[in-house]
Amino acid sequence: MLPGTGVVGAVAVGSLELSIRTIAQLGSDTCGSLPPDVAFVCENAGYLAGGLVLTIALTIASLLVGLVAGFPAGAIEVYGGRYASLAVEAVGTVFRGTPIVVILIFAYFVVPITDWFPIQRVLPVGGAFVAAVVGLGLRSAAYQSQLFRGTLQSVDEGQMEAARAVGLSKLGAIRHVIVPQALRRSVPGFQNEFTIVLKDTSVAIAIGLAELFTRSQDLFVQRTTAVTEVILLISAVYFVMTFGTNRALEYLNDYYAIPGEST
Amino acid sequence: MSETGATRTTADTGRVVSGSLGRWLTIAGGVLFWGWLLARWLNNWFLPAGVGVPPGESFLDPAAVAPISDSLAFAVEYLPQLADAAWLTVVLTVVSIVLGFVFAVPVSVARVYGTYSSTVSLAFTELIRGTPLLAQLFVLYYALNLSTLFRGLPDDGFLPSAVVYVAIIGFTINSVAYQAEYIRSALLSVDREQLTAARAIGLSQRQGIRHVVLPQALRFAIPGWSNELVYLIKYSSLAAFITVPELFNVARSIAADNFAYTGIFALVAVLYLGLVISASKLMAGVERRVAIPGLGGTASQ
Amino acid sequence: MSDYDPLLTVESVSKRYGDERVLNDVSFTMDRGDVTVMMGPSGSGKSTLLRCVNRLTEVDSGEIRLGDHRVTDPGIDVDALRRDVGMVFQDINLFTHLTALKNVTLGLREVRGFSTDDAREAATEQLERVGLGDQLDSYPGELSGGQKQRVGIARALAMEPELLLFDEPTSALDPELVGEVTAVMADLAAGGMTMLVVTHEKGFAREAATDALFLDAGSIAERGPPAQLFENPENERTAEFLDRVSTVSGEP
């Protein structure tokens, strides 16, 4: 799953750079002959494409944070002690029960996240980006923990007994027998999570992060007559990304499915 | 083996004890939360002038509780305005899920049993589920400029203003797509032979779907609704971006005035959590109530 | 011969799924009050034939007539046909969200237009007939397999069909529950109900059936009175199959 996401991400970003260049090229050549509002969008395609790169980076980074924090959280809920799992459950409930826009406001205005994680000193990103990754990422972790909890529990109990019977320790059994089966079953849920995170990057408009959605608003505020063109265009871009990636992940899922097992 | 058995038993007893305590706390919290919210709303719209307190003003005097705790005084001061705003959040959620359901049933039935209409239904759900809700609200509000349709309607705080109708349309359209998807998979999880059996005693396809498949499917769809209700409560906050004065929007403007982001948004988070937890408890109760005896694990307890 | 008017006529019926020939030129008739038992190895086309009779499956060629219904005509009202043909399923298929009583009243109310009270009365009578007068308000999930199948029979009976189809009604049941279902079926047979039954219960066939058909690879291999078919099968495949069935169910 992880390499899958990486590959999809890399391909997406790579082809994007290419298309930005093509679009910019096209822009200078052909935009003039279009109707004025379309021409306006066309001329600013490069600006929107820059937002798109940020959207994609935000999506991938948030999903990774969600995976890295969410998988252990899910495992603790299944295998952890009483207090550990209660604590994870409580934190998860808070993140799942609060609107993403409130979480983002907290991450940006309330908690000094950029002091705790000064990523902006290493990478060329701003404070809003770091806050958005942490907000979207932790919220995603809260959902991914539920996903992994479900799939870990869905692995037949007999698998654990069989693994213990051949002499594996509990940890060894979880690692070598339960987790590999559970991860494969998590793909459809992860796909769902991807769609949610990608769409919710648009809420980062609340903290002024210049991703695709915020930039679209910048544009139609500049030229209010082009509002329909701008919004429909970016809606189409989101749709192509969710639809395309979902179909690609479904293909991967079928391709790597265990023969003889459904899903 | 015996070792795991033993630990499991202790853990279970522990959970039972904390479970019943937890349940009483939940009930007490729920009564307090909803009692207070309803009292605010009643106070605002149903008491004659001169009785109760003006909208936005607290029942208690913040200065009176200040000696006990500053945070408490802060909460007492700002919670009333937030409670009033939560009314719109509840209205947006409830109206949209109900309207959404009305349209989602035919859309999902078309998707499963239709031919041409199946494609239309598929295209609609994919399109809505594949684009951000915020973009959908912007299309309605900015591109189609729908709020002009609702100008001139009464707006007294109880009945909502024009832009609220736009938000309701947006959330309803969005909710139709999600609910249709939940109902679709529920329809598919009803054994195909149930419809065959219905046809075998002479029911038409339509009667079979209506009397046999849907009643079972709608029960299977309850966890989906639970999700959808929680989703709508949380995402109704996005209506703030088309100027609807719901909970998040009001909180944002208060915080912009007093810069107390931490306090205000902590209170807001608690209010949303209260709404979300109430919704999931409510739906769990509904699920237990309509469970079919002898079927599935939901009937227990 | 001219006034010979069978209830069910199956004439040269054939059916294939892709390359597989499921039914191959099958013909037989049943009179009112006949109880015909169909046997044969799995995949021999028994269930398909049954489902062709109430149009749950379409034939490729041939003709089926049931009373006034020209079953195989494309334009007929299949719902009207199914009102006259009851069916009892192998996997029972009770409506899981309805009580035993409501499983029976649904068809009465929606198809036969009974009032709530009349439907309730008629359904109670049918459920008492199959010995379930004390389980009216139980849900399918609360009943044993045998009880469920008896509700299934009551549900079909309530429509007052001219012909009752049974598709291996006991093969999904635990062996000790088979008897209660075959007993109800034998009662119906004795009461003059016309029944077409796919089953491997030789005891029931011997006791209640007027006629036995042996289907093999989509064709009728042999037909005759049950006793004769069981004791002196002419066809080698019939003999072999009956032998196997006996061994499995441990009958004499």
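As written, the chain order gives the labels A, B and C, with residue 1 at the start of each chain.
The rule is short, and it goes like this: contacts are C-beta pairs under 8 Å (C-beta built on N, C-alpha and C of every residue); 3 or more make two chains touch, one makes a residue touch a chain.
According to UniProt, the chain labels map to these proteins: A = ABC transporter integral membrane protein; B = Polar amino acid ABC transporter inner membrane protein; C = Glutamine ABC transporter ATP-binding protein.
Nothing here was measured: the structure is a model prediction, and the numbers come from that model.
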_Spelling it out: a chain qualifies if it touches chain B and also touches chain C; which chains qualify?_
none
*Which chain lies the greatest distance away from chain C when centres are computed from Cα atoms alone?*
A
*Report, in whole Å, the distance between the mean C-alpha point of chain B and the mean C-alpha point of chain C.*
49
*Between chain A and chain B, what is the separation of their C-alpha centroids in Å?*
24
*Calculate how many whole Å lie between the centre of chain A and the centre of chain C, each centre taken as the average of the chain's C-alpha atoms.*
56
*asked:* Help me check something: in the complex, which residues belonging to chain B touch chain C?
replied: 191, 193-194, 196-204, 207, 211-212, 215-216, 219, 292-295
*Where on chain B does chain A make contact in their complex?*
11, 14-15, 126-127, 129-136, 138-139, 142-143, 230, 234-235, 237-238, 240-241, 248, 252, 255, 261-262, 265, 268-269, 272-273, 276-277
*Which of the residues in chain A end up touching chain B in this complex?*
82, 93-94, 96-102, 105-106, 109-110, 195, 199-200, 202-203, 205-206, 213, 217, 220, 227-228, 231-232, 234-235, 238-239, 242-243
*Within the complex, which stretch of chain C touches chain B?*
54, 56, 78-80, 82-83, 85-87, 89, 91, 93-97, 106-107, 110-111, 138-143, 155-156, 159
